[in-house]
């Protein structure tokens, strides 16, 4: 199950000639920390400390923005009957189906015209306006919450906003946690966006920095690549371990079916 | 009071006037972009530091990536009108950039002496020339080579071949080694277009015609005979079978069969020798030109990469100054060594000689050999080369070696499809 | 009467308020690429110079003159048909198991099952996966030889290469599993209690309560995974590069190559819109038929 991860971990401690020369061995014959030292150095004085910092900023802000905005939009689309709802939902699904490869050049031109190139804005601002995958996911979860709750709250004089805040939101902990984990992990690993929108290497997140290590026509320090890839796994893993308990906490629905 | 006041104002005006008319050392910022791995990034950044120290009024902002996404990024920048002033360019891609007017012609800057090419041989300079104009400066020389492991040759009891060996020699040696040592005689990807190009030259033509509008050889048997030879060797197990190569995907130098001790001769580019030698814990390897055919040498000097200048740059002179520094300055060369190939300036090569490691010496000597015996460098590929390579050349190569099509049929299809694409 | 209008007005206002972030984002960031890419599909555009209108040429070429288009479509279909059901099945079963109990050990197991998804997109995975399936001395073949069986060139054989990629994707079932887990945990425990009182056993509970209650999420995962699978890119791009002989040429890889390697962005845009239409049709079909098998607590369809 985790063999590939173990292989990568073990290679990160191997000498250059051992990595491909002795692939079956998970225990390095001449273990070394060199790969970590060399890898961490990054390029031209920009160490992975900077790259990790950038990754955290981008992934962190993106996650917060995505989760908040997607939940809000999902509520609107799944709980509030209003004309135009179907069309809006269609645009959500449509966006889900448009491949990034053909979006990238027009988006670049767009961001270029508003001067956002070489900033983090193209990577963060759109997140605060909802992510189609997350909107759809939260919608499906909201649909599992009985409408009677809304009804009884209306009778008590609440409006849609209050219902959202006091009734729906508390019941969405599992899906919001899941959404946060995904949003973080996907942004953390995304390299297409940062590659194209960011020019200065000081702004590179880890995902792009890792790819700047490899050039098939020149010497590639694979040990360093594996070492930094292993390190890159850790934040995502930590987030997962920390948050997973919220997913399984489940939801107690006492009093709902009174 | 008033008198002093008038005096001060007069002084201020005078000083401003003097400042205004004196040639100001204005601060200029250039952007540069290149591709490479960690090693190249570090070396290049050091050279940039050196340059900035020498010319304090020029600041250089660096941007760099790995190879596989370089052109995606560069073309996207072009679409947005955001290209840097200095760009590293690849021989296989550059024609399109020239034809779209994105690169600055450099002849004037050379004539003015801003870029000094006096120590660079004409054929190397001309590799960056298209339609008579110079658009890019070659940064390092490279050539097709077989890297061979002398120790394995010794073990198999095979003497090292002469410099101008033939394809018959090659086949014979490969077979003996395969028989005696049970490893591949030669590897890998021998049907690669870079080997085929050499073959076409040895058969009296080129892969593409001068004007880039059609194939550069008339007889389809040139194509067929090449692949027939490879099929023979594949069937005998002397070279890796294609499905093994395909399964390995694109491998970096350290992963090549030679570096795993599984082949005695490895097709490669000369500047990958350092990586391969390191993978073998520093074992000395020798570089050979590709075998000759009927006395003709097919090897040619290939620019490893170029620097070109953005046609829309605001500071052509300063950009040119940097490129000049990059290829001519000795201190810079000591930092770069042979990472981008053998330096193009003979003066620089000479200055570096005492500092060369044995591996680098081998590379330098090899390039000198190619310069002596090699064929002239072909012009840059047609603009549609990538499309041809991805959709015609490689699929046909695979199909032939997987025995889905005969070399003769493939030769015809190749000509048909290439002509169709080039006519578009 | 008055109450209804007031509520209706409130709803309209609230509806647009809540969906305003999306509407803004869509208008600012999506519409332009959406419309541009459609326009580009009727042009020849090499990115370096302005697009040139060529009408339906790209579309004609796609269907009648491009064998690789069909190769890519076939390979992608094959991938989708096997990967989606397998992945969903594993995800659901494992999520079900995890939902039964709670313990520290299970936390660890969950993390382990999720790790594959984490390293999936990295550069390293290509190298690792090739080491596993390598021939003749990859790890799988090493195991086979210990068992006395002959090794297979998994990545070099046109019949097996795509299965390694399908396996890779299924191995990374952690994401849909988590979503299923969240959904399973949301099923009210009272329902189970009531069913047990009524004498239902595990299977009864499973099929009469669990599965119906999570059908909205099954629908979500199904649609999402299907779209995701049609647009699969990374594995083929970095591991097999579409080979051998196009047997793993994912549609998205072909499209990317056309755009950025061959500088035919116009043609790539046409490819993109064809896929979008195709996936759209499948999505609509699934949505329409979903009314029959999806149960919404809130009792309304899309």
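Letters A, B and C mark the chains in the order given here, with residues in each chain numbered from 1 onward.
Here, a contact is a pair of C-beta atoms (placed from the backbone, for glycine too) under 8 Å apart; a residue touches a chain by one contact, two chains touch by 3 or more.
Since the structure is predicted, the reported quantities are computational estimates derived from the model, not experimental observations.
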Two chains sharing the most contacts, counting C-beta pairs only: A-C
From chain C, the most remote chain by mean C-alpha position: B
Separation of chain B from chain C, taking each centre as the mean of its C-alpha atoms, in whole Å: 39
Geometric centre distance via CA averages, chain C-chain A, whole Å: 16
Centroid distance [mean C-alpha coordinates] between chain B and chain A, Å: 38
Residue numbers of chain A (touch at least two other chains): 105, 211, 214, 222
Junction residues of chain C - those touching two or more other chains: 47, 134, 260
Junction residues of chain B - those touching two or more other chains: 72, 76, 79, 250
Complex contact set, residues of chain A against chain C: 1-5, 7-8, 23-24, 69, 72-73, 75-86, 88-89, 91-99, 101-103, 105-107, 110, 126, 128-130, 133, 135-137, 140-147, 159-161, 164, 171, 174-175, 177-178, 181-182, 185, 189, 210-211, 214, 222, 225-226, 229, 232-233, 236-237, 240-241, 244-245, 247-254, 256-257
Chain A partner contacts - residues on chain B that touch it in the complex: 31, 33, 35-42, 45-46, 61-69, 72-73, 76-77, 79-82, 250-255, 259-260, 269, 271-272, 274-275, 278-281, 339
Chain C-facing residues of chain B, complex: 71-72, 75-76, 78-79, 96-97, 100, 102, 242-250, 384, 386-387, 390-391, 395, 398-399, 402, 404
Interfacial residue positions of chain A with respect to chain B in the complex: 16-17, 19-21, 38, 41-45, 104-105, 108-109, 112, 117, 191, 195-196, 199-201, 208, 211-222, 224
Partner chain A, residues of chain C touching it in the complex: 10-12, 14-19, 21-26, 28-30, 32-34, 36-37, 40, 47, 98-99, 102, 107, 110-119, 121-125, 127-129, 131-132, 134, 137, 139, 142, 171, 175, 178-179, 181-183, 185-186, 188-190, 213-214, 216-217, 219-220, 223-224, 227, 231, 233, 252, 255-256, 259-260, 265, 268-269, 272, 275-276, 279-280, 283, 296-300, 302
